[in-house]
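In what follows, a structure is listed as C-alpha cells, so that the remarks can point back to it.
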Amino acid sequence: MAETVLRLTNITKRFGPLVANDSISLELAAGEVIALLGENGAGKTTLMNILFGHYVADEGTVEAFGKLLPPGDPRAALDAGIGMVHQHFTLADNMTVLENIALGTQSPWSWKLDRSGARARIRKLSEDFGLAVDPDKTVAQLSVGERQRVEILKALYRNARILILDEPTAVLTPLETDALFATLKMLVAKGMSIIFISHKMHEVMAVSNRVMVLRGGKLVGGRETAGATRQELAALMVGQEVAFPPVEAVPRGEELFSLENVSTTPRAGGSALHNVSLSLYGGVITGLAGVSGNGQAALAALLSGTEKPLSGQIRIAGGEVSAWSPREALARGIARVPEDRHAVGSIGDMSVTENVISERYRSERFSRHGFMDWKAARAFAEELIRDYDVKCPSPDARIRLLSGGNMQKLILGRALDPDPVVILANQPTRGLDVGAVAYVHKKLLEARARGAAILLISEDLDEILSLSDEVRVIFKGRLSSPSQRGERSVQEIGELMAGHGIGEAA
Amino acid sequence: MIEAFDILLTASFWVAAIRIASPLIFATMGELICERAGVLNLGIEGIMVAGAFAGWITVYLGGDLWFGLVVAALAGAAFGLLHATLTVPLGLSQHVCGIGITLLATSLSYFTYRLVLPEVTSPPRIEPFQPLPIPGLSEIPVIGPALFNQTPLTYLAFITVALVAWVLYRTPLGLAVRAAGENPSAVEAQGISVTAIRMGSVIVGSALMAIGGAFLTMSAFNSFFFEMINGRGWICIALVVFGSWRPGKALLGAILFAAFDAYQVRLQQLTGGAVPYQLFLMMPFVLSILALVVMARRATYPKALMIPYQKGER
Amino acid sequence: MRLEPKPAPTLVETFAYPLGAVVVTFVIASLLVLAAGASPFSVFALVAKGAAGSRFAIMETLTRATPLIFTGLAVAVAFRAKLWNIGAEAQLYAGALITVVLATGALPLPAPILIPILMIAAMAAGALLLLGPALLKTRLGVDEVVTTLLLNFIMLLFVSMLLEGVLKDPMGMGWPRSPKIIADAQLPKLIARTRLHLGFLIAIVSAVVVWIIMKKTTLGYEMRAVGHNAEAARFAGIPVNSVLMKTALLSGGLAALGGFSEVTGLKSNLTLDLSPGFGYTGIVVAMLAMLNPLGVVLSAIFVAGIFVGADAMSRTAGVPSYIADVMVATALLTMVVAIMMTRFRVRWR
C-alpha cells in the first residue's frame, strides 16, 4: 500500500440551508488517480474548494503528507504541494504566460521580478512534460487547450505533488482531451497523485484507478475502476437512472425559422458563426452538439435577438426579417431559455412576479397606457408557480432565493406560456437535479407535440441524442449537415465535434 | 498671434507648467494604483483636500515641513483604509462610497480648520518648500529652470512616477497588483490574498493623493483655503483614463494638461479681458471630458475594475 | 469573510439597520463635539431646537428641505437605474438659469401661465444637461460619474460668466448677480411671515408622482430592471439604452426643478451661492431614503434639519457648523453599510 498523501476527514460545508458537503472522508495514495464522479451540484467543486482553501469547512480537516492544513488558506495548500486546475481558468488574459505562472512565486518584497529565471524554468518544464507553450505570449493569444497547459504548468512550477483537475475536459475537443490524458499518465509516472473531477463516465473509466461517487453532497460509494461497471457507477451517481422520456413520432411541420448563410461578428470567449444555414421545422427538435465555445453562444444570441447577423438572412415562417432585437424575436413568437439563468435569465433582486412578466410587461395583459397591472402579473406568477410546481415562499420573494431547478421552471414557464412557435433551449438542464431535468424534457416534448420548432443546445450528448429528431454538430462556427434520429453513431458525432468532416466549405 | 506663440518659449511658462503638474502627478499616480488593483477611488477629491489641510496645519502648528508631508500622507492613508474596507471586503458600490469619502474628508477638514482657527478671516501662512536648484542642470536654458529649479516635492513627484512604473512592471508585488485588477481569481489561485492586495493598493494610492493635495498648501502656495482643490481630483481620474492606466503616459498627460493650464493663464493676460476669464477656467474641465471621449474606445482598462471580488468566486 | 444573500429582511430589520446607521452617525459626531470641547447632549439639544424648536425653526427646515427633495429625487431616480448622476448640482443651476432668463421680463405673462412655463423650461434645461453624459455612456462607454462631476464645474463657471456678463444686474452695484424676477414669476408663500413657499408643495407632489412612476408604470418597472441587471433586462427585450435616456431626462428635470424653486420661491434672483452643494447633498438624501421617492421627503427634512439646526447651534455653542456636513457624509457611508446588511449576511468564515 502506497503512502497516503492526502486525507480529508469528515468535511461538512453548509450554505444557508443547503448542505453542500456532508461529512465526506477521502484518502489519496501516492501515484494514484482518483476520479470524483457526480452530477452537477453534487458538491464536487465545493469539496475541492475546501481542500484548496478557497472555502472554510464548517467541520472536518484536511491533511497533506501527514500535516494538517490550516483552513481557508490557499497559500498553505500550495506550499503543501497541492495544485489545482479550476474549471474556469484562473488566468489574467492581458498578461503573459510567464507573468501568470510567476505570480505569487517570488517574494512580494523583492525589488525585481526574476523573469529570466522563471522563463528558463517554464521552458524546462514544458519540455519535460510535453506541455508546449510560449512563455512570452499573452494568455489572450492562446487556445483553450494551451490555456489549460498553462494552468498545469502553474502547478508544476510550484512543485505540486498532488494535482486536482476540476472538469478539465469540459472545454476540450476529443483530441485535446486525449492529449490531456497522456499528460496525466506522464505525471503519474513521475510520482504525481491526481484527483480528477468529472461527470462524464467514459473519462472516469479511462484515467482513474479508483472512483468515488458524490451525490447530493454525500459520498455514496467508492470502487476500484478496474472492477466497476458503467451501469453501476451511473446508478450510484444519479440515485435513479436519468430516464429519458419516450419520444413519440410527430409529423414534421413547416419550416418556421431559418438562417441563410449567416455570419456574425467575432466575439470574445467563443467562435463567431461562419456562413451558417439552419432550418427549424414545426414538431422537430433540432439538437446542436459540440464542444462549448465553438459558436453555440453566437447562435443562441442570434435566435435570442441579442445579436444581429453580420451578413446573411434570418427568415421567420418564410418571411425575411429586417429589424432584429430581443423584443422583435419575442414578438415573432420565439421563446428563449438562456444558458445562464442567473446573469441573463433572471433579475436576482427582483421578485418572482416581476421576473415572470419581464418579456411581456407591455402586453395588454399586464399593462394599460403605461401603467402596470400588478394584480394580473401576480396572478400569472401564482399560475406558473402552481402549474410548474415551483417551490417558492411567495410570488413576492426575490428570485435569487430560489433553487436552480425552481428558477429554471419559472424561466421555462415564462417562455412557454404564450405558446411560442420557435423555442431556443440553451443548456436547459445544466445543474438541475434529476426530477427537474425530467420536467424540463417533458415540457419541451409537449411543445414539440404542439407543433413548435425547437433548437436544443446542450453539452450533454446523451440528452441531445435521446431528445432530438435531427442533430447538427457545431465546430469553430460552422455546422455539420443534419442527421436524422439514429442516423449517426456516437463515434461519428464525436468525430464531427473534433472538426473532422466539417470543412471550411461546408 | 506671435505673442501667443512666444509664451511657449519662455522659461517662466514651463516653470509654471511643471509646478501645476506636480500635484496632478502625485494624485494621478495614486488613482492609477487603485484602479490598477481594480478599485475606483472617487474619494480622490476629498482626500486631496484632507492632505492639503493636514500637511499645512501640521506645519502651522510648529511641525517640520517633511513631517507635515508624512502627516498628510497618513491622513490620506486613513481615508484610503476606510474606502478600501467598504469597497473590498464589503464589496459596496465604489461610486457611492467614493463620493461619501470625498464629502467626509472635505467636511472633516473644514470642521477641523474652524476648530483650530475659529476666528480668522484670511488663513495664516506658513513657510513652504523652497526651490532647490540642482547645480549645473538648472543652468540649461528653459528646461533648466523648469525641471531642475523646483521644490523638492516636484522632484519627488517625478521620482514617484518612476517608482510606480518600476513597482508595477518590474516587481512581484506589482505583478500581483496588476493581476488583481485583471482577474482576481488568478491572484487567489496563486495563494495571494486579493483583499490584501486591493486594500494595500487603495491605502498607498490614497496616501499619494493626499501628498498631491499637500503640494498645493506646502509648495505651490503657502496657506489653506476652501475650494482649494477645485475639481483637480476629478481631473486626475480623467488623466488616468487618458494615460491608459500607464504611469508614463499618465505623466505625459499631466504635463500636457498643466502646460495647457499655464498657457491659458498667460493667454488670458494677453487677451486682456476681451474673452471672459471663465471660459479659460472651463478649459481644463472641458479638456478632461474630451480626453475621456477620445480614449473611451481605445483604452484597455483593467478588466476587473469596479468589480468586487469574493473569495472562492469564479 | 464572506457575504451571503439572505431572505427578505423582516420588518424589524428593514428599520433596525438604517436606524443603527443614524445612531453610529450620532456617535461619531459626538466624538467631534467632544473634541471641540462641548457636551454632545447639549449640542444635539441645540441642534434639535434650532431645527424644530419653534414654528419659525420648523418653517426654516422645511424651506431648506425643498431643494433637497428635488435633488434627492433626481439622484434616487437615476441610481435606481444605476445611472450614476453626480451632476444634480449643475442641473439645478441649469434650471435656475433658464428660470432667470425667462422670468426677468422676457415673458410678460400672468402667474398661472408663466409659472408652469418656467417649470417646463427648467426641467427641459436640466434634462438636456444630463442627456449629454447619458449619451456618452450608452454610445461610447464614457463613465458618467466623471462627466457629470466635471459638468458641475463647467456649469458653475458658465453661470459665473453670464452673471458678470449678459445677465448682470445693472442695479447690482457690481455684484455678480442677476436682476430680480418679475412678481408674476414669484411663488406665493405657503404660510404668511415665513419663508416657506409653494415650491415645498411642488416638491411633495413631485415625490408622489415619482413614486407612482417607479411603482405603477411600465417605465418604473423598466428602470428598476435595468438597474438591477442590465444584461437580463436587455435579454428580456427591455430597450436598455432608451430607458437610460428617459431616466436621464427625468433625473435632470427633477434636479432642475430645485433650481427653479429656489429662484422663484426664495431668492428672486440668481447668484453663485444659490446652492451650497444641494446636488451633492441630494446623494445623501437619496441613499438615506434607500432610493424610495416618498422616503426622500422625510430624509430631506431630516438632513435639512441637521443643517439648519447646526447653523443655529454653532452661533451659541461654538462648535463649527461644518459638523452638519460631517454628519451627512457619515450618514451616507453608514447607510450604505446598513442597506447591505439588510440584504446580506456577513459570515466571518
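When the chains are written out, they are named A, B and C in that same order, and each has its own residue count from 1.
Basically, a contact is a pair of C-beta atoms (placed from the backbone, for glycine too) under 8 Å apart; a residue touches a chain by one contact, two chains touch by 3 or more.
Since this is a predicted model, take the numbers as computed values, not measurements.
Participant: Go through A-B and B-C and name the pair with more C-beta contacts between its chains.
Facilitator: Higher C-beta contact count between the two pairs: B-C.
Participant: Quick check for the class: compute each chain's Cα centroid; which one is farthest from the centroid of chain B?
Facilitator: A
Participant: Per the centroid of Cα atoms for each chain, what is the distance between chain A and chain C, given in Å?
Facilitator: 46
Participant: Using mean C-alpha positions as chain centres, tell me how far chain A is from chain B in Å, no decimals.
Facilitator: The separation of the two C-alpha centroids amounts to 45 Å.
Participant: Based only on mean CA positions, could you tell me how far chain B sits from chain C in angstrom?
Facilitator: 29
Participant: Could you check chain A for residues that touch two or more other chains and list them?
Facilitator: Counting only residues that touch two or more other chains, chain A contributes 72.
Participant: Residues of chain B touching 2+ other chains?
Facilitator: Where chain B meets two or more other chains at a single residue, that happens at 311-312.
Participant: Which residues of chain B touch chain C once you look at their complex with the stated criterion?
Facilitator: 42, 82, 86, 89-93, 95-97, 99-101, 103-104, 106-108, 110-111, 114-115, 118, 230-231, 234-235, 237-238, 241, 276, 278-279, 281-282, 285-286, 288-289, 292-293, 296-297, 310-312
Participant: Within the complex, which stretch of chain C touches chain A?
Facilitator: That would be residues 4-8, 216-222, 224-225, 228-229, 231-239, 343, 349 of chain C.
Participant: Tell me, which parts of chain C touch chain B in their complex?
Facilitator: Contacts found on chain C: 1-3, 32, 35-36, 79, 84, 86, 136, 140-143, 145-147, 149-154, 157-158, 160-161, 164-165, 280, 283-284, 287, 318, 320-323, 325-326, 328-330, 332-333, 336-337, 340.
Participant: In the complex, go through chain A and note every residue touching chain C.
Facilitator: So the residues of chain A in touch with chain C come to 15-16, 56, 71-72, 304-306, 325-327, 329-330, 336, 338, 343-350, 354, 358-359, 361-362, 367, 370-372, 374, 393, 396-398, 400-401.
Participant: Can you check the complex and tell me which residues of chain A touch chain B?
Facilitator: The touching residues are 49, 54-55, 72, 74-79, 84, 86-88, 90-95, 99-100, 102-113, 154.
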